[in-house]
Structures are given as structure tokens and as C-alpha cells.
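Alright, structures below, take your time with them.
Below are two complexes that have chain A in common, paired first with chain B and then with chain C.
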Partner chain A sequence: MIELTVDGQAVQVEEGSTILDACRRVEIDTPTLCYGDTLTPVNVCRVCVVELEGARTLVPSCSRKAEDGMVVRTDSERVRTSRRLVLELLGSSVNLSTAPEALAYIEQYDAEPDRFGADSLTVAQAVKVDNDLYVRDYSKCILCYKCVEACGVDHQNTFAIAVAGRGFGAHISTELDVPLPESACVYCGNCIAVCPTGALMATSEFELREAGTWKEEEQEEVDTVCPYCGVGCNLTMHVQEGQIVKVTSPDDHDVTLGNLCIKGRFGYRYVQNK
Partner chain B sequence: MPDLKLLADVPTADEREAIDVVVGGEAAGDGRVTRSDRTRRHLLLPALRAAQRRVGWVTPGALGYASRRLEIPPAEAYGVATFYALIALEERPADVLHVCTDLCCALAGATVPDGAQPSPCLGLCERAPASLRTVAGPEPREEQIPATGPPLPQTSGLKLLRRIAEGVDPESQPEFVALARARELGPDAVIAAVKASPLLGRGGAAFPTGRKWEAVASQPATPHYLVCNADESEPGTFKDRVIMEQDPFALVESMAIAMYATGCEKGFIYIRAEYPLAQKRIQHAIDASGFDIELRIGAGAYVCGEETALFQSIEGFRGEPRNKPPFPVEVGLFGKPTVVNNVETLVNVPHILLGDDARDTRLFCLSGNVGRPGLYEVELGTPLRDLLELAEAEPAKAVLLGGAAGSFLRPDQLDLELSFDAAREAGVTLGSGVVIVFGENADLVSAVLRIAEFFRDESCGQCVPCRVGTVRQEEALHRLASGRTNGNELAVLADLEQVMRDASICGLGQTAASAVTSAMKNLGVLA
Partner chain C sequence: MFGAGGGTSSYEETRSADLILLWGSNAREAHPIFFHHVLKAMHGGAKLMVVDPRRTPSAQWADLWLGLDVGTDIPLANAVAREIIHAGLADLEFVGRATSGFEAFKESVEPWTLEEAARVTGVPADAIRELAHAYGNAQNAQLCWTLGITEHHNAVDNVFALINLALLTGKVGKWGSGLQPLRGQNNVQGGGDMGAIPNRLPGFQDLLDDAARAKFESAWGATIPPEYGLHLTGMFEAMEHGTLSAVYVVGENPAQGEADQARAERLLTGLDHLVVQDLFLTRTAQLADVVLPAAATLGESEGTVTSSERRVQRVRKAVDAPGEARDDIEIVYELARRMGHDLGSARAEDVWNELRSLSPMHAGMTYARLQDLGGIQWPCMDENDHGALFLHGRLWDEVVEEPAPFQVVEHDPPVDKLDDDFPLRLTTGRRLESYNTGVQTGGYSSPLHVGGEAILLAPEDGARYGVADGARVRIVSRRGAVETSARYDPTLRAGLAFMNLHFPDVVATNMLTIDATDPKSGTAEFKATAIRLEPVA
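So, the complex of A and B:
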């Protein structure tokens, strides 16, 4: 076991744990956006930074391994300032309207994304609708890399998308920005499952939202097992007014880790055929 | 090929031939990738570069062919290609003029003619205004313009630059006396000698070189690698170029010593794309000496001077810095223990082993409004004012020390001693040895805006503080400069400085507000 101090409390964690694990062990609320339970930490959003005694800069708690004797502060003015600024920078450049976690953090950290002025450069652009199953609205993309990781070695090993460009122009893209049907995409939708901002969204959800009839609070979640093959993936059917509007799988399901294939995620319409 | 969906575009015969020179010919047969092709991702950037040098840009066919031959998903190859400013993915003329519009060249009145590309600092500051011409074709070439600069301004009292001042032939291999001495001493004694010397890294971070070498030598994981960081891109810096162009054998000998001392199986030298003569001279010195050193060439990305971004670039990935720890001495190039040293750092080592000159000297790149611009070598601790006198600097209203990642000094701060300790006490950095003089008529507002533009352009885009922070910084400065303020710019800039310094992944973001902040606080520019 490793023993460290977080905000004055002694915490014990297993070897290999991160500072974030230690924070969560003692229920210290730590915001994360690019971190995913089932993905390799890329530590790019920097909203989880903490102050580590002896370190020149703040450190990302999601990827920094806990070490014996570390003294960590998560509640200092310095930490709050950086977290607030990260949220202001994101909020000023990205449409976060379908990112409830980010919006909650913005409120919690008193962030004011509008302070940079109305002329601030944003990533606003047209929604990419190039297939029947899901849409890509990169004006909502915070570039957390999760979809790239899910499409790549962390989950799917399809490698249909990658980060392209540089600086503020960095963006998620297929090769030469070809439409999805021309890319290597297999429509597993595992990128949608990890997207924290709704930039990637099943067409079913996108259309209901466009029509103003997406009622998440009224939806029922029904768990079942996928009927297609023998793997036995758990499915969570999101049901609104008697209709399946979205299918997910729980992250903590040890078969799927939240992943599905095209059939499990999108092949449910026969259920509703009358 | 299993599992990879490839681009349908096919390369031309010329493109195929150019790429094959890098990746090897394709065996006759069904075109399937063989097992030996699978770990060759590190050849991606050289392959893209070769295709572009042949036809002027990277066509979809060339991108597809490089992806297939190296078994890299096309989306990832595209991600890598679009990372680099000097890789073009849209058709353009074979002959391109890249005109430097950075600090020193702007002071010298640089203008960008129609059809030319504006460029960040080309490292030709002593001959500003400067440009680089790239000509693609069967015999591709790159030309630095002007082709030559003024001779070394100093002729005596030199250590690192002594041979150059004496007119050493850069293409004639000298006797490697220091390497012979290293072999007599043995690796441990070489490391002990470097540790006993005052040598600190000259790339900007000033880490003790001997400690770095010792750390790598003691790593049980193998192989060990040496990487010479010659991606000199800090605006105003040209010291490593002068050494590589004019005394390349000094550098390859120093690399051989470092490899011997730290048990490195192989060495790499990563030279920025903008230095064609340095590339040619270093390649010649490597070939002549027969050391196991491989030359790698960048493609226009300041961030690749960050050591872990440089590893990513060599390995065929986007030049995005890695999180540290782990540090390169444990997990470096290809995940192996790696010594990474700057050019100037390395060429100090022969003098340590030979004991021929105990002075701890440092190279400074003097440019801007000075009568005798060029590369100067002075002992650490020399007052900045003496250096400015040597260079016949005009009366300065400001001096930029350390480059775009450094700080502006006021005229009354020029008695600063040029030593690591004195710089730290004064809250400034010697950085990569940049000294740019801004004379009475210089436009400091333009300089500050150019620095902000530089960081916005060069941010890799990986982390939020730097990706968006550099944009917001530039926007706020432009609002101040134009007078159309929101009334909160100073508070915004102070916050941006803090979040970029505290929460960015790498040194680029951490210093992206440094010079701007110093100009505002120290000189009152836009404040």
C-alpha cells in the first residue's frame, strides 16, 4: 500500500493507483472530462489538476501515480484558478449545451466563459451528417481524445479517426476528412459511448433533440442481454414513450466495458416493428 | 493486409520510387505487407518528406502508399501529416519561398512577396531578413537565403567556437582525440568527469548533464539511446546551426563519446527541416566517421524541440509532448532509457575530457539592432552589457533574452550577469542564448503581437490551457493594441499566464505568456 496526504487527510491506496484514485477514495470531488474509467488517461483537459508539494507546476491527478509521502492539495486557490480557467477556455470555444458534466463544473467553479468577449474564436461548424446511424457535431468537441482511444487500441482497434491539424485547429478526423462511409468506421458507436459532450450522438437522439422531443428525464432504462450472438453483452435500452431511443451498455459490465457492436447498439428497430 | 481499410488513391511512379527509397522496395507478389514491415512506423515522416520533396506536396496517393507500406491506419497517417507546417496536403507549386516574418527579420524589414509563405524564425537571424526556398523535383533542394552570413564576430578567447574561428574544414575529418581519451578513461570515468564539471544543459532547462548521463548509464533496460536535440526553433536562436554547419565533426565526436559513456546502442540527431546545410554537413560527418548515428529531419514544428515531442516525432506519431514523469532517462525514445542533449551541451564534453580549457562558456545569438550580429561565446557570468558592446548594439529600448519563451529587459536591467544563478535571481532565463536588441525605433507592440501569434501557431493543440489559452492571449493583446477593449484584458491576461504556466503539459504552454507578460510588466507595452 501507498500512503499519501490529500488535503490534510492520510489516504492509503494500492500500488499503481493515481492521485485521482486517492482523491476518490476519500470522496474528494475532483472534476474530470477527458478521463474515462475504461480508457488510458491522456491527461489533456487539465481540469483534474492538483497541487503536489515539490512540483513546479500543477499535476494531472488522473494520470499521476500516487507515491509514498506525496502531499497533495486539491482545494487551494491555485488549483481552483486553473480549473476555472480551463472551464472558461472550453466554455468560450465549444458548444457545451449537451455536456451536463461540464456545465455543472462551470457553475461549481464560478467560471465565466463569456469574459473573453463576443468575438472569441470558437470551433463552431456545421454538423456532419453522412450516415444513418450517428452524427458528428464537432462544434461540441472539447478534443478529449476519448473517441480516438475507443476507436483505437483501447477498445475497437478500427482506427477510423485520429487527431489531425495542430493548435486550435486540431480536430478529430478521418483520413483526408472523408465521410464516414468511405472511412474504416464499422459503426460500433463506441466513440458515442465515451463522448462526454454529445458531439457524437446517435441519429435517433439527434433527431428527437432537433425536434424538441428528447425527454431524458422521462426515459426509462431497461437492461437486457443482446440477442444477436453468444458473447452476451448487457444492453441498456433507453425507452421514451414506449419507444427505444438509444442503446448503451454499462461501463462496469465486465464483458463490454461499455462497448457494443453495430448490431447491439443500432440493430433494435425490429423490436418495434408491428 | 489485415484489418486496415486503406485509401483508394494510388501513388504515381515518382511518388512510389521516392517513398521506396525510405521504406524499401516492395517485394514482387500480392502487395501484402510482410511481418518485417510492422514496426516501421518511425519511417512515416521520412516517407512523407520524401514524397513531398519529389512532387511538391503529399498527394492522397502518396499518403495512402506510405500508410500501406508502413501499415499505419490512414487516419493516423493523415493526423501526423497535418501536424507539420512544412508538409503540404494540398497541391502547390514545386518551388516555394518561405519568408521569415519573425522578430529579427521583422526588425530588418522583412516583407512577404506574393505567392510566398510566411514562416516563423528560420534560425538565420544574423543575416536577417532571411528566407528558405524549397524546390521539389527529381533533384530536390533547399536553399537558405542569403546563403551565407557574416563571419564569426570574435576571433580570440574562444573554446567551443575556436576551431570555427580558425577556419576548420567542415568536410574533413579530424583526429578524434577526445573520443580516444574517453576510451582510455572508460565509461564510468567519463561520466565522473562530466559530473565533476559545471556543465548544465544548454537547451533551456539547465539540467546537470553528468547526472543525466549517470541516470541513463545505470538503467538496466536496454537498449539505451542518445538523442541529440538539434531542432533549434526558438525565435532568435542559431547557435546549434553554426556548429553543425561549420564544425560538424565536433558534434558527431561528442555524440560518440556520450554514447560510449552511457551505453547507447544507437544515436539519433533530429535537425529541423529549415537547416539544409546543417543536415548535409552532419550527414557527411556521420558517413565519414562511421558512428551508428541516424539523422532525422523535422517538418516545421517548434514543439518538437520539446524532448518528448521529439521522441514522438521520430517514432512516427504527432509531435505531442508526453506527460512527465516518467522522464526520458527511464522511458524515452521507443520507450527505452534515453540521453537527450542539445548540440551546444554535447560539444562541451570534449573540452572537459581533454582539460584544455576550464572556462565555462556559453554561446549567445546576437541579433536585431546590433552592428555586428552573430554568434558570440563568452564566459558565464559576463555582464549582458559587455556582450552588447561586443556586438556594437544600438542604444536599446528593450532586449529580449532567451527568445519567445524568455523575457524582455529594460535598458536599466542590462547589467545582468549572464549566469544561470543570476538569471534565476532576476526571474529571467538565458534560455537558448537569444539576445535580440530592440533599438529606439523598434516597434515593441508588433514584437509582442508576433510572439503571441508564434505561440498560437506552434501550440500542438493537445492540452486546453495552451490550445485555447494561446488564442485568447493573442485576441486580448490585439484588443489592447487596437483600443477596442472589453475593459478586462489585463485580468484575463494575468489569468491566462497563470493557467498556461501551471496547467499546460509542456514547456511550450508553460512559457507561452512569459515574454508577453515581461513586456507588459517590465516595459509597459500595452499595459
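So, the complex of A and C:
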């Protein structure tokens, strides 16, 4: 076991744990956007940074391994200022209207995304609708890399997407920016499952939102097992007004780790072809 | 295997293996989330080897691909066994303690030298040797198979040939090593568990075991005939002979899903009475005298299913079935009632609890425990039992009461022979986005459906038989002919063509296939049809 101090509290965690694990152990609320329980940390969003005694810079708690004797501060002015600035930069350039976590952090850290003025740069662009299964709205993309990781070595290993471009021009792209049907995409939707902002969205959800009839608060979630092959993937059916409107898989299900294939995620529609 | 009707391992063990061998399995497309476990193992340093006539997406991930000729699995397996024995890689301590019949087996594989196997299978001798040494030397290996092994007229012998390899090297019954038949349908394992096979009562209890039968007779208040029933293919034979004249089909589309479709349709049409219970008016349902509209397993029903790792999990109802459609259990119970029998409560949990009282391997699986534990892998004998991650650990006991038998198996090539009139080997398989005869997957729109109706040809064969990439082609077998488009596929070796069964209303692939069947498993040889191509002007 490793013992460290977080905000003055002594915390014990297992070897290999991160500072974030230690924070969660003592229920210290730590914001994350690019971090995922089933993904390798890539340290890009910087909202989880903490102050580590003896370190020159703030460190990302999601990937920095806990060490014996570390003294960590998560609520210092320096940490709060840094998190606030990150949220303001994201909020000023990205449409966070379908990113409830990010919106909650903005409020929690008193961030003011509008303070850069009306003509600050944004990533606003048209929604990419190039197939019937899911849409990509990159005006909502915070470049957290989660979709790239899920499509890559962490889960799906299809490598249909990557980050292209530099600086403010960096964006998620298929090879040569071709539409999905011309790309390597296999429509598993495991990118949708990890997207924290709704930039990637099943068409069923997108269309209901467009029509103003997506009622998440009324939806019921029911777990079942995929009706197709014999692997036995758990499905969570999101049901609204007697219709399945979305299918996901629980992150903590050890068969899927939240992943599905095209049939599991999108192949449910036959049930509703009434 | 060895008396238990299920795979020996858990998916998570795949990540503890240093070799994963997919034999007649294209898991990347047919079992995509299982293949995630394989990929995690590979990223951790495990090797993947794939035996498949096609260079499938799974084979494209492999460290070694053995592209054998269709139906030569036994020569390949026997040659692997011989090489393991000759190279001194057999686990003779395990063989001596935990198995029987080794000497006869050893003698039977002796003719299968690497060179002879290379001649018969089309796989280079070096590759066979490499596979044998990798499997023999692996600390832990998972040997997984699918329909590439079982959709043959000698399916059971094919399976025995693979089990022999695990016995020879002690790769079964311990964490990380095992034999995994990856099931093609979400509850094909559960169907077997529940006794929906001709020779077993629920829990794999032998129908001819008087004590087992007496137990069920007393619970059900009815007499169970002490004789085995018929496999699906056996039923079609009985229809042919006129000894089966009424059929009740539940959730199956044999008019399009059976091999030799013209014969299947003729026999179903000739029945005195056909009842079909399904979600949709399938081709089979269109032939029926009575159609019973059923609720879907997905979202409209309560119950359980069993996965390939023997894990029983609950399915739950989220929405109401449309119109007059009813839950399968309700339909069966209502039929029984009209025949004068009251089967009791049709609640899924009550039916399950009756099963638990009669099938010892399910006894500890209450609905509450299935929920709390995220499913339980059988056997689960009581409510303190967490189930079994892997089976046959007893083979590693100091004294093994019932040794696992080697089975001598001989090469028996596909029934549909290649000749000058039918020179090409057609094999069939599944696409990532589709499923069986497309009854369910026809219901959603996917860019991956595009081109699914095509026959895939090796470019060499296209050139040889005058069929251009994208051209229309007539495909003729000894049973029938269909017309569709052709697409060149460089993953196919010359002489091998590929079709799927997913779009039967567009291209009825089963007009071509042969109903040559393994009498032991009842599975037809979908994997090996002899065809010729005729260009369409």
C-alpha cells in the first residue's frame, strides 16, 4: 500500500493507483473530461490537475501515479484558477450544450467562457450526417481523444479516426477526411459510448433532439443481453414512451467494458418495425 | 466435452493465454466483443494463430494464418498432433494420468507427416510445424472454434480432432488454457442447457436415464417416452419419409435457413400441418397453416440466456410487444391449456425456479443472484456456489477417476466433390453487420450491408471463368442455381468462393448448399459446396 496526503487527509491506495484514485477514495470531487475508466489516460483536457508539493507544474491527477509521501492539494487557488481557465477556453470555443458534466464544472468553478468576447475563435461547423446510424457534430468536440482511443488500441482496434492538424486547427478526422461510409469505420459506436460532449451521437438520439422530443429525464434504463451472437454482451436499453431510443453497454460489465458491435448497438430496430 | 455440454473457459482467461488459436472461427466479425479480449491479450504479448480457408479479418490480425482447403481440418490437426509427439512437446505426464486411448491415437496420426498433411490440406509444411511447436510450447493456450469446424458432415470428428490436441499438451482444465466453442447465437448454449436437444433433459441429463426421467415425470405429472428425438436435419429426413407430418417451428426460418433450400421448401409445403411462431411473417411463416405472433427476446420478454462461456444472464422486458404478439412462454402455456393441461404460472421466474429444482447444475442460480453477480457460469450447485470460471480442473488431480478419452478420427473430405462440372469450392459465413437469414438485421439500415448479396471470388477465378469484378454471374451447384453479382476479393485463394446467407430474398444461397449432415450433431455441411460459374450476358 502507498500512503499519501490529499488536502490534509492521509490516504492509502494500492500500488499502481493514480492521484485521482486517491482523491476518489476519500470522496474529493475531481473534475475529469478526457479520463475514462476503461481508457488509457492521455492527459489532454487538464481539468483534473492538482498541486503536488515539490513539483514545478500542476500535475494531471488521472495519470500521475500515487507515490509514498506525496502531498497533494486539489482545492488551492492555483488549481482552481487553472481549472477555471481550461473550462473558459473550452466553453468559449466549443458548443457544450449537450455536455452536462462540462456545464456543471463551469458553474462549479465560476468560469466565464464569455469573457473573451463575442468574436473569439470557435470550432463551429455543420453537423456531419453521412450515414443512418450516427452523426458527428464537431462543433461540440473538445478534442479529448476518447473516441480515438476507443477506436484504437484501447478497445476496437479499427483505427478509423485520429487527430489531424495542429494547434487550433487540430480536429478528429477519418483518413483523408472521407465520409464514414468510405472510411474504415465499422459502426460499433464505441466512440459514441465514450464521448463526453455529445459530439458523437446515435442518429436516433440526434433526430429526437432536433425535433425537441428527447426527454432524457423521463427515460427508463433496462438491462438485457444482446440477441445476436453467443458472446452474451449486456445491453442497456434506453426507453422513452415505449420505444427503445438508444442502446449502450455498462462500463463495468466485464465482457464488454462498455463496448458493443454494430449489431448490438444499432441492430435493435427490428423490435420496433411494427 | 468430456460429459459437459459447454466450453471449458471464460473469456477473461484469453488474456492469460500466451497463444490463442482460432480454428474455423472469424471472431473479428462473428464474435466482435470476444475478439476484443483476444486483442487485449495480443497487446500484452500473446500470439494469435488462425486456421481458416479465407484470410479473414481475424486472420489478418494473426501472427500465423493457415489457409487450409475446406474440409481438411482433421489431416491438419492430426499432423499437428504427430509433430507435437515427435518433437517431444506432448505432456506425457498429463497424458498418462488424465487421459485414455493415447497409444491408439498416436498410431492413428503417424501417417500424417508434415509433407503428407501439406499435400492434403494445402498448408505449407513449415506453417503446420510452426503451429504445432507454438501450441506445444505455450504455457497457456486457448483453442477456439466456430462453424468452420461444425458446419461439416463430420462436425463431431472435427471437434474431437481439436480436443485431442488439448489433451495431448495438457491445455485444458487449468486457468488460461481451454477449449472454447464460440456459439453463433445468443442462446444456443441455453437451448442445450434447457434440454432443447433430442437426447437430453434440462441440465444435460440423459433422456435414457430412468432415474432422471422419473424425476421429471413426477414433477410434470406426465410420461416421457424413453427414446431420443430428432435433430432438425433428422426431422427433414422424417418429413421425406412421411413419418413426420406436423411441425411447430419457434423462432426459426428453415425455409431459407436450411441447406438445399428447394428441398426444405418442398418438404415444409408438403406437411399436413405447419405452425410457425415468430416475430415476422418470414418465408417459413408464409407456408404455415397457423402463425402465432411472438414477442421479441430483445426488450419484449423476461427470461435468461446462456452465453458461450456458460454464463447465464437475465433478459428483461422494456417495451410492450405490438398487437396480439405474446411472450413465447405464454403461448406455449396457452397451447397446453387448450390441450387440457395446466402448466401453472407462466411467469419467467417461476418457470426458471422449476428448472432449478430439476437441473442440479442450475440449482444455485436464483434470479436475485443472477442480478447481483452479473450472471453465473454453470455449474452452480447451490446458493453459496459462485459458478465455475473453467471446467475439468479434476484432470489435474493426482488421481483422475474418469480419464478424458482421445478419439481416433480419420479424414473424410466434403461430400460435395469437386470435378470438371463443379470445379470451385463455395464456402459460407457471416458478415459483421448481419445475422443468419437477415430476419432481424434486415430491420436496420447500415452502410455495411452494401454489397452483401455478392459472391466473392478470387481474382484469378474471375479471370479464369470470364466473370469481371462487379459483373452478374450465375452460380450453379448440383442442387440449384442462383444469379447475383460478383466481387473480387484478394483474401480468397484461387479455387475458393464465398457467399453469406443473410439476404435470402435477394440471393438464395441455400439453393446451392448441400444437406449432407453429421448424424451425431445434425449440422449440415454449409461450409463446402461444389459450384461452377456461368457469366451472365
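Throughout what follows, the second predicted complex is superposed on the first by the 274 of 274 C-alpha atoms of A that agree within 3 Å, B and C clash if a C-alpha of one lies under 4 Å from a C-alpha of the other, contacts with A are read in each partner's own complex, and residues count from 1 in each chain.
We adopt the following convention: a residue touches a chain if its C-beta (ideal position, glycine included) is under 8 Å from a C-beta of that chain, and two chains touch if they have at least 3 such contacts.
This is a predicted model, so every value here is computed, not measured.
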Contacts of A:78 with chain B and chain C, given as first, second, both or neither: first
Touched partner set for A:231, first chain B, second chain C, both or neither: second
First (chain B), second (chain C), both or neither touched by A:127: neither
Contacts of A:168 with chain B and chain C, given as first, second, both or neither: first
Which of chain B and chain C A:43 touches, first, second, both or neither: first
Contacts of A:86 with chain B and chain C, given as first, second, both or neither: first
Chain B versus chain C as contact partner of A:157, first or second or both or neither: both
Contact residues common to both interfaces of chain A (with chain B and with chain C): 157
Contacting residues of chain A [partner chain B, same complex]: 43-47, 49, 57-58, 60, 63-65, 78, 81-82, 85-86, 89-90, 92-93, 115-117, 119-121, 142-143, 157, 159-170, 173-176, 183-184
Chain A-touching residues of chain C, taken from the complex the two chains share: 11-12, 30-34, 36, 39, 43, 182-189, 279-280, 296-300, 305-309, 311, 313-320, 322-323, 374-375, 432-435, 439-448, 450
Chain A residues touching chain C - in the complex, by the definition given at the top: 131-133, 153, 155-157, 180-181, 186-188, 220, 222-235, 237, 239, 242-244, 253-257, 259-264, 266-274
Interfacial residue positions of chain B with respect to chain A in the complex: 3-5, 7, 60, 63, 67, 73-79, 82-85, 89, 301, 318, 323, 325, 456-465, 467-472, 475-476, 479, 486, 488, 492, 495-496, 498-499, 501-505, 510
